[in-house]
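Each of the next two complexes has subunit A plus one other chain: subunit B in the first, subunit C in the second.
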Partner chain A sequence: MTPFQRYLVTKTAWYLLAFVLAVAANFYLPRLIPGNPVDALVARMAAGGGAEGEALRRIYQLYISEFGLDRPLWEQFLVYLGNLARGDLGTSFSVFPAKVSDLIWRALPWTIALQLPAILLGWLIGNALGALAAYRGGWFDRGAFVTSLFVSSIPYYCLAIMLLYGLAVALPLFPAGGGYSYGRLPTFTWSFVLDALRHYWLPFLSLVLIFIGGQAVGMRSMAIYELNADYVNYARGLGIPDRRIVTYIFRNAMLPQVTGLALSIGSLVGGALITEIVFGYPGIGTLLFSAIRQNDYPLIQGVTLLIVIGILLANYLVDIAYGFIDPRIRAVQAGER
Partner chain B sequence: MDVAAAPRPRTAKRWHPLVITISILRLGGIGINTRFWVSIGLLGAIVVFGLLGPTLLGKRDPLRIVGGLYDPPSSQVWLGTDNFGRDVFTQLMYGTRTSLTIGLIAGAVATLIGVAVGTLAGFRGGTIEEALMGITNVVITIPSIVILILLSIAIASRSIVVMGVIIGITSWPWTARAVRAQTASLRAREHLDLARLSGAGTVSLILVDIIPYMLSYIFMAFVLQFASGILQEAALSLLGLGPTNTISLGIMLHWSLLWEAVRTGAWWAFFPPTVFLTIIAFALLLLQSSLDELFNPRLRRK
Partner chain C sequence: MQPLLNAQRICAAYRLENGDEVQAVDHVSLSVFPGEVLGVVGESGCGKSTLAAVLSLTARPPLMVKAGTLTLAGQQVTLAGKQPYPVTWRGRLVALLPQGAMNSLNPTLRVRDFAFDVLRAHDRQVDRRVALERARERLQQLSLPPRVLDAYPHQLSGGMKQRVVAVLSTLLNPRLLIADEPTSALDVSSQRALVNLLLELLEREIIASIIFISHDLPLLSNVADRIAVMYAGEIVELATTREIIRAPQHPYTRALLQATLVPERTIRGRRIEGIPGQPPDLRKRPPGCRFSPRCPHATDRCRRERPPLETIDGRAVACWWVFERERRVPSVEESVP
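Right, the complex of A and B next:
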């Protein structure tokens, strides 16, 4: 095996281990709830008077067999893994006959449509701003740096709450939440898209501002580090024009920023759960919120699993890509493990 | 985080009037210290408010009902009431205290585990290092919010200490990684050989000859963990998984979102905790960045 293949294999093995551990935690932790989740659910259903007698017994049977609660723990885990492999995340407690995977598929496009453009735009603007601040220095740098530091340090949900109050309640420029107007049904018509867009701007703005701040701070310190590097000094000594040097600096400082971009995209599902809750946006965060309030364990597990898969996949791809791009990392890793 | 930079080449300075004004305002190289003092001032004010407020202004039960739904601020209730008719000002004091306590416990737990794992791995090297760092890398890739959500739903009754500990045990890997790198670079120092020759054991070597040499570094890591602990608690509380039977800044936000304080314009219910969380996060970041420059002069930019 070449060192590079060994690198690939060990990386893959570590990520598989992480994945298995995460899935095991996902499986096991909700089962620590005193009694078991099914008893709790059925007790609640009986108390609410929703279903009675025969119907309740059938619901109970369905969950017992779905969870495999009548079998030993290791067998339950195998049942769980088997269901996962078939893409079956179980049946929701709170929206009873609905499958968890259907609920998630319905919410996911909203989350992606909200976050992906925010991440990309925030990344572009933030990096340009950071590089400019590092290069220009002086008052521009101080102003941009302190502002970016402040914006990026604001917890994203706090900014969301302040924007919602400021621009939708106190000064009603935008609709005060939801993904679309009340009473509409999601369809692919112009009027619906326009309506959804009107509701889109505020949550989008709250996310993009934070991304710009964070990226600018990161890019600035990377670029300052590069500005101080020997090769810049040398290039200056050779009389290479500043504009050329800036492109060198930019390319070197970009590597960690590209990684950051990939990781943000990977963590997009769990990255701004509370933004959606603040704005009542119909994405994964709102879904998780109502699942937690109604103790809908299968739905919670489905969402957490989705978050894990996104992040592990992004990390894995970045590691593999680094192995291709950066020979130093490849060599070090191959030698180390 | 730690950027070791070569000295910046001196370029000819142009004395723009604005530059002169700014440098006078900064009183020579006090740029770092202003940031430091601003952050200390902000944090101090909040800590005093959370810790001494209840004592100075008389102990009151933050969960006691004193008014109606979202009563506006008055001379009786300085910041109005929340959705259950509880006094927001009292809640803010006790909530600040809870959030700071949880952050402190989480930061301490995370720093303790991180330093223990990092120093042991960096100092011993070999198989122990590979095993410990393997575990660290696995834990680092599993998103902590997921483990936090799962742990919180598994533990029905969550006290302040339990919240702090579960946040701490999910956030130590970053510290472990950074501390390992620092330890590995200290390992080759001569004073360690001297200590080894006089028969010091591993634990003593780590405690006496390694940790004191990176105390500033560990302290900065702690500040970061403290800040992120407070924010993690707020995020969990907002999701409805906060500590039970108490009040925290996140729980205040949780209720004001559930009961539509923002959309009904009851600013007194959500604005104070939002501002407090923002100030805490900003002040700790400012403190961290100024300490970074204080301890690592090469980061200073003249």
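Right, the complex of A and C next:
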């Protein structure tokens, strides 16, 4: 086994361990929320006036054993693990009897279609802006830096609400919420796609803005640091043209930015929460939010599992990819130092 | 013989945040002849590295060249103003061997790729294979292992890195090499190896002359043909190495020699004396001779008037005390710097 393979195996083992721990936490944490999903279900029935007294108690018992909530926690955990191994995420309590995996599959495309382009675009613009600011200096740098710092340091929900108020209420350019107009059903027709696009811009813009801000601030300081590095001065002293030196600086300043990108993509699912709540956008965030409010254990577990997998996978890939970008890290990976 | 480099009245200053300027190099004139090693010595902060940056054409903000003319291999330029010389001078006519080669190489670039970049910067058409062959030959010629070409900078030892940087600096056969404290971070055996390498470069006529900047007078006396002594941004004495070591004139040169360990029999039993006081703050320099506050021979005239750099019997010195002793007191007109 080469040192690099050994490195790969140890890394993989660590990530697997992290995954197992995360799955356990994933299982126990929702169950620590006070209350019980069956209470909510049965209460809704009672409110409807369909059943009362003894009948209600029987229905309660039935649900409890149906969902396996009367068994000890460890037994429930084993059952959960067994189902998970078969790819079965269980049945939702709140949208009974819908499958959790179906609910997630229905919500996921909305989230990805909103977040992925926003992250990529924001990352590209942000890095270009930061590098340019570091390079140009002067008023351009000050302007870009202060704006980026401002945008990236307002809490995201504030920015989202400000945009919502400014561009949907005060100046009604965009619809104020939702992924499509009320009364429509998601279909693959032109009119629906156009309608969805109209609802798309505002949350998209909010995400791009906040991403540009964060990336530009980071890239600017990295690039300034690299610009003053000895190797830049030395390369200039040997007459190497500026455009070539810029590529040196870019590669070296890029490392933390690549991590940022990978982690944002990894946490895309969790990051959607506030956007989707503020803009009333359909997607994983909204799904998780309603699942938490209704103590829907299987659905919460399903969504958080997705988040965990995303983050772990992104971290894992970054760990490996670092070695390809920076030979010093590759040396550590290969056990040279 | 025509000098290879003739620098006249070079003034360079650092601009501070508040708009003030610190004059780090003040009316420095010197010449370097073909085949010669000119040493520049002085304590920390006396303007040695600033002079190196100006002469190697790598000065950049906040360092600004205020005045001075440079005649390099028969071509004359005025230094103040925006890029008065062709960029290709850097690396081809004059090259810098920087202080602290540890960080002078881009950490994410192999030595061979940097060597290629250096050669390509001066010949767009150069073929990669030809360029690498040339670098390999050069390394072999100087008895360095050609495998360093495949290494990343972090894979080389400090001494090796400094030697590789010396080879890269001279890859384009620059006429003048400006070595800025090239040995200061090295142990004695690596120092020896580097000095031998530089002398070999000179011997093989890969380079024509060296300006060797150092605070290490004993080392310099083994390498340099002539030595310029700098104090507070000015040259206070310039003479052959032999004269500087055997019969120093300027009180500062004497003090410097007193402060160094010389393991020669005649002076072995001597006590090492430090120089009392501190070098002057370059923002508020004494009006007269800058060394006068620390000088044991200072008179009222020294504190009032600046001594010019006068050539007496082929050696230049700037000191009223020396002038008086030599019974050759320059008139007031001549003494204007």
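Side notes on the structure shown:
Keep this in mind: the second predicted complex is superposed on the first by the 281 of 337 C-alpha atoms of A that agree within 3 Å, B and C clash if a C-alpha of one lies under 4 Å from a C-alpha of the other, contacts with A are read in each partner's own complex, and residues count from 1 in each chain.
By definition in this document, contacts are C-beta pairs under 8 Å (C-beta built on N, C-alpha and C of every residue); 3 or more make two chains touch, one makes a residue touch a chain.
Nothing here was measured: the structure is a model prediction, and the numbers come from that model.
In the superposition on chain A, no contact is made by A:105 with either subunit B or subunit C.
By the touch criterion defined above, A:277 reaches subunit B but does not reach subunit C.
Touch criterion met: A:252 reaches subunit C, while subunit B stays clear of it.
Once the two complexes are overlaid on the shared chain, A:312 sits against subunit B while remaining clear of subunit C. Between subunit B and subunit C, B touches the greater number of residues of subunit A.
Of the two partner chains placed around the shared chain by superposition, subunit C is the only one that A:235 touches, whereas subunit B remains out of contact. With both structures placed on the common chain, the touch criterion links A:325 to subunit C but leaves subunit B unconnected. Of the two partner chains, neither subunit B nor subunit C is touched by A:140. When the two complexes are overlaid on their common chain A, residue A:225 makes contact with subunit B while staying clear of subunit C. Across the two superposed structures, the residue set of subunit A contacted by subunit B and also by subunit C is 229-230, 233, 236.
By the touch criterion stated above, subunit C contacts subunit A in their complex at residues 56-58, 60, 87-92, 95-96, 98, 100, 102-110, 114, 117-118, 121-122, 152, 154-155, 165, 168-169, 172. Of all the residues in subunit A, the ones that touch subunit C in their complex are 229-231, 233-241, 244, 248, 251-252, 325-328, 331, 336.
Taken in their complex, subunit B has these residues touching subunit A: 3, 5-9, 16, 18-19, 22, 130, 134, 137-138, 141-143, 145-147, 149-151, 153-156, 231, 234-235, 238-241, 253, 257, 262-263, 265, 267, 270-271, 274-275, 277-278, 281-282, 285-286, 289, 301.
Residues 14-15, 17-18, 21-22, 25-26, 29-34, 137-139, 142, 149-150, 152-155, 157-158, 161-162, 164-165, 168-170, 176-177, 221, 224-225, 227-230, 232-233, 236, 267, 270, 273-274, 277-278, 288-289, 292-293, 295, 297, 300-301, 304, 307-308, 311-312, 315, 337 of subunit A are the ones touching subunit B in the complex.
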